[in-house]
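Per-chain residue numbering starts at 1, and chain names A, B, C and D are given in the order in which the chains are listed.
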Amino acid sequence: MKTEDVIIINNNEIASEIWEMEFLAPKISSNYKGAGQFIQIQLDPGWGNPLRRPMSIASCRDSKISIIYKIFGQGTKILSQKISGDVLNVLGPLGNSFQYKKNNLNILVGGGVGLAPIINLWKELDELRDNSYLIIGAKTKNEHIHSHNPDEHIYLTTDDGSMGLPGTVMEALKVVYENVKSSEVFACGPEPMLKQIQSFVIKNNIPAQLSVESYMGCGVGICQGCIISRRNYKNKNHSYHKKYSLVCVDGPIYSAGDVIFD
Amino acid sequence: MKTEDVIIINNNEIASEIWEMEFLAPKISSNYKGAGQFIQIQLDPGWGNPLRRPMSIASCRDSKISIIYKIFGQGTKILSQKISGDVLNVLGPLGNSFQYKKNNLNILVGGGVGLAPIINLWKELDELRDNSYLIIGAKTKNEHIHSHNPDEHIYLTTDDGSMGLPGTVMEALKVVYENVKSSEVFACGPEPMLKQIQSFVIKNNIPAQLSVESYMGCGVGICQGCIISRRNYKNKNHSYHKKYSLVCVDGPIYSAGDVIFD
Amino acid sequence: MDLFIQQEMLSLIDMSIKIGKVLFKNPIITASGTFGYGTEVSSLVNVSKFGGIVTKSITLNPREGNPPPRIVETPSGMLNSIGLANIGVDQYISKKIPLYSTIGTNIIMNIAGTTVNEYIEIIKKVESVSSNIVGYEINISCPNVKRGGMEFGIDCDLTEKLTESLRKITERLLIVKLSPNVTNIASIAQSAEKAGADAVSAINTVVGMSIDIHKQKSKVYTKLSGLSGPAIRPIGIASVHKIFQAIDIPIIGIGGITCGNDVLEYILAGASAVQVGTSNYRDPGIALSMIEEIKLYGEKYIISSISDIVGVVSSNTK
Amino acid sequence: MDLFIQQEMLSLIDMSIKIGKVLFKNPIITASGTFGYGTEVSSLVNVSKFGGIVTKSITLNPREGNPPPRIVETPSGMLNSIGLANIGVDQYISKKIPLYSTIGTNIIMNIAGTTVNEYIEIIKKVESVSSNIVGYEINISCPNVKRGGMEFGIDCDLTEKLTESLRKITERLLIVKLSPNVTNIASIAQSAEKAGADAVSAINTVVGMSIDIHKQKSKVYTKLSGLSGPAIRPIGIASVHKIFQAIDIPIIGIGGITCGNDVLEYILAGASAVQVGTSNYRDPGIALSMIEEIKLYGEKYIISSISDIVGVVSSNTK
């Protein structure tokens, strides 16, 4: 993990209110471990917003890193106003990454801006495409950046039925799961979605890895700000209390059974 | 006085660390009264810097206003990073303006960034050029945006003698003053310069108008933050105490005899 | 009558609030010292739309205030040490009060003194003339005057005695403005309530300091000065939250309010109304846009009256 | 010897300072709770360059801390309510103290308790093992625990008693960390001095609150939490200024420090050293650049030792 002044190459709106930014980050990418890791972006040199903003890595290749982000508040607004050539100070790569098994069928589920690490994992699984399924949910078709394509194992859902399967990712997950055996689920998205996936995988006894979000201070384990509640305490280096885990260093990827959503 | 979202047309470094910005401001320019007035610029929509930054109007024509500014701290740094097409929120025009007499010889003295209102007045005196003298001082030639041209009544000075007359504006002022009668001095610049001019005009019994600076809060007379000490109290609308005057509404232009520099 | 119906339809939420017997058309008031005497910027802003205006602190005698520099910006805030510069009560009565007869909003007169008697004398003078001032805000908390109100603001007994004395001489609104520079702001609020105040307002500025490292001196003339602006908003909200649990009279929330969201935070924490201070310096009309933002919030969450949500976050046990 | 001369030439200003009998290589220390146990980010930052590290508050028993959410950003600041999550003194002794033998900087152990006896027990345990900890910072001022140190921090007598008891059982540095949430921080500092503290540090976080208006609940789990970051810097500097006039032992300034300029403001106000907190979250190496900035200042104004400028602004009469 390093802080690095990265140079923006691209910053474009790729779907309604959803942006993709790509930048040159040789130092950070040389330490990159895999899909699921994130970075902490400093908004500007001033101190109006003292905290960095956490963003999952959506791709990492040839010294370049990309993120996919949605405009929530002031910070993401500021990011969307950056143009190519601008410089950002970034800390990373941070956190752990998804761990997949070659022999499993891997079902990837992304919802909302939970997209980024899931797309990243999808790219990582390139050679295992035959064994992999991608499910992406959004409210409506304007928010989708892929095409619904079950032949290629890509299933899109929309709440309003305007694209792909109508309903949430749960509908698609059930459909896909019925056709496969020995599978593992990888998911990232809003908490309500993760909760539903958690019940589903526990009920069906499928292993699953969830990427969770939490309000971050430092991103490196020194503020104790980013905790989530957990089950199944295993002694980790940083989360030195049984009940909670530090998302920034022991996460953001957790085994579905270990996470308690409050 | 109005707040207006103005659109930047140009923003360029015109001399070492000195920038000129021009923007479209139809509302503000329609209320403009003359050289000496200023505007208050909001740095950005966030609240990291709550206070606007005061800047003298350097020109006002055809709905366009320009300013000339020097990078001091974070605020002026932010201004220098704006590009054409960007929008700024501006309050103005504020304060009073220089009042000149047609029959006088007018000697204009600008030092450092005190340049802006003096250049503006110089433009205003266009038809009276024969009776007007412009003196501009800087540390070194890189900071000058004009040419030394005594034939055109333009006298530049540099502390290091790298352009125009060596020394401060005082040297030039003495030279010019020796050649003229019934004159009035108009000056804007750093406090040490204004102090010297004040002693000079008082000693020689010449009328003079000084544009003074002060740390500004509101710019419209409601915070009482921007006072300077004064002599010769005349009942003004806003400065309702004898000892002090509100620079934003009763200034920034004062008769040299009225100002006390602390 | 027609007009009344029309307004009803435009704004589903009832924005009016009551403090003591006084009705405010909306809960957004400008804070003392940050809107002059209320008349300076009337060409720029339609002040009649405000819920009210608190005028600059008035003392018995005119005060020139502190020497410059008086203000400096800090991260998301500013320090000020104006030193209660004001025209004094006599000129206030002769020059300002007449202007308020047509101003179209509630004027609250803020007063400051160094002894109980000074406060009494000021109010007696104002009470002896006819005016449409709706009440007094008692500044017992200004940190920028050497012998000033501050001594009252940090002491429960003094606050009680002062409030009691003033309660006897006016039927108008009596609002005690509290200092955050104390260990227990809620207990000072209780003293004010006990002595008959109609409301308390909180907070005044927080004591702060900033140094010019090159000149090696304080950036404002007096070394200590008062911190205001968004930086102190969390302190103001916490203060209102604590006071809300201690008293039953209305609280007017102050500190770092910049938008409708901020107003609502204060209201949810227990404020019946709010005052906008430093933000006026960025834009003297800023309070007007807050009114609109609150109306939208009211529509979105189907709130029929702003009073319905006062303190809902602070009264929850969790 | 060669090395010493070389350093002398590079940095004309003597950056070292002394607190009690302990020498610090420079006045820049990381603040408790904002740099973990000092070892978490050693791969990212050369911690041996710091003047010192104050470790996270340690309590007698391990504490899991408060439920999430624990932090939220505010204008130029942040609120936190970690709730003293820590591994407890026994694990601190067995797992952390051994790591400090090679850390290359002064380790100050911050401790927190709810009773005098708890503080005593913690220190006794640490004193009974061998360690290179240079001293203890006594947290009597954490606002985020329901029954916590806060009661000490607001009361002079309790502060005095606590300090006295701890002074008896250790010869190591004893630094009392003060709360800004009091009427008179200088008098608490005087109590600490009287009872034998080697230094005081100020300030801990300021009580604050922030509300999510859509969920209508506090943004951090506990309603009240602690405000830190640049927003509170003017409050920290004012506190140091006031304390400087009241006591003779060294003051460690804390609150909103982001750069060398900010460090110097604290030093000019009366701090002999400073602690950097929230800024570490933006960049765990941020304190290192401050050291360089101060050296440049020292060169520019020809200051031979950083101690020469401690309090020069606060001791001026004007």
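Operating definition for what follows: a residue touches a chain if its C-beta (ideal position, glycine included) is under 8 Å from a C-beta of that chain, and two chains touch if they have at least 3 such contacts.
Predicted model only: the values in this text are computed from it and were never measured.
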| item | value |
| --- | --- |
| Longest centre-to-centre distance from subunit C, chain (CA-based) | A |
| Cα-centroid distance, subunit A relative to subunit C, in whole angstrom | 46 |
| Distance from the mean Cα position of subunit B to that of subunit A, given in whole angstrom | 54 |
| Separation of subunit B from subunit C, taking each centre as the mean of its C-alpha atoms, in whole Å | 36 |
| Where subunit B touches two or more other chains, by residue | 47-49 |
| Where subunit C touches two or more other chains, by residue | 75-77, 229-230 |
| Category of the chain touch graph - line, ring, star, complete, other | complete |
| Touching residues (chain side subunit B, partner subunit C) in the complex | 1-3, 42, 47-52, 89, 91, 214-215, 217-229, 238, 240-244, 262 |
| Subunit C contact footprint on subunit D (complex, rising order) | 74-77, 79, 154, 181-183, 206-211, 213, 216-218, 223-224, 227, 229-235, 237-238, 241-242, 256, 261, 264-265, 268-269, 297, 309, 312-314, 316, 318 |
| Complex interface listing, subunit D residues touching subunit B | 75-76 |
| Of all residues in subunit A, those that touch subunit C in their complex | 47-48 |
| Subunit A contact footprint on subunit D (complex, rising order) | 33-36, 40-41, 43-44, 56, 62-65, 67-73, 75-78, 80, 82, 85-87, 91, 229-230, 258, 278-285 |
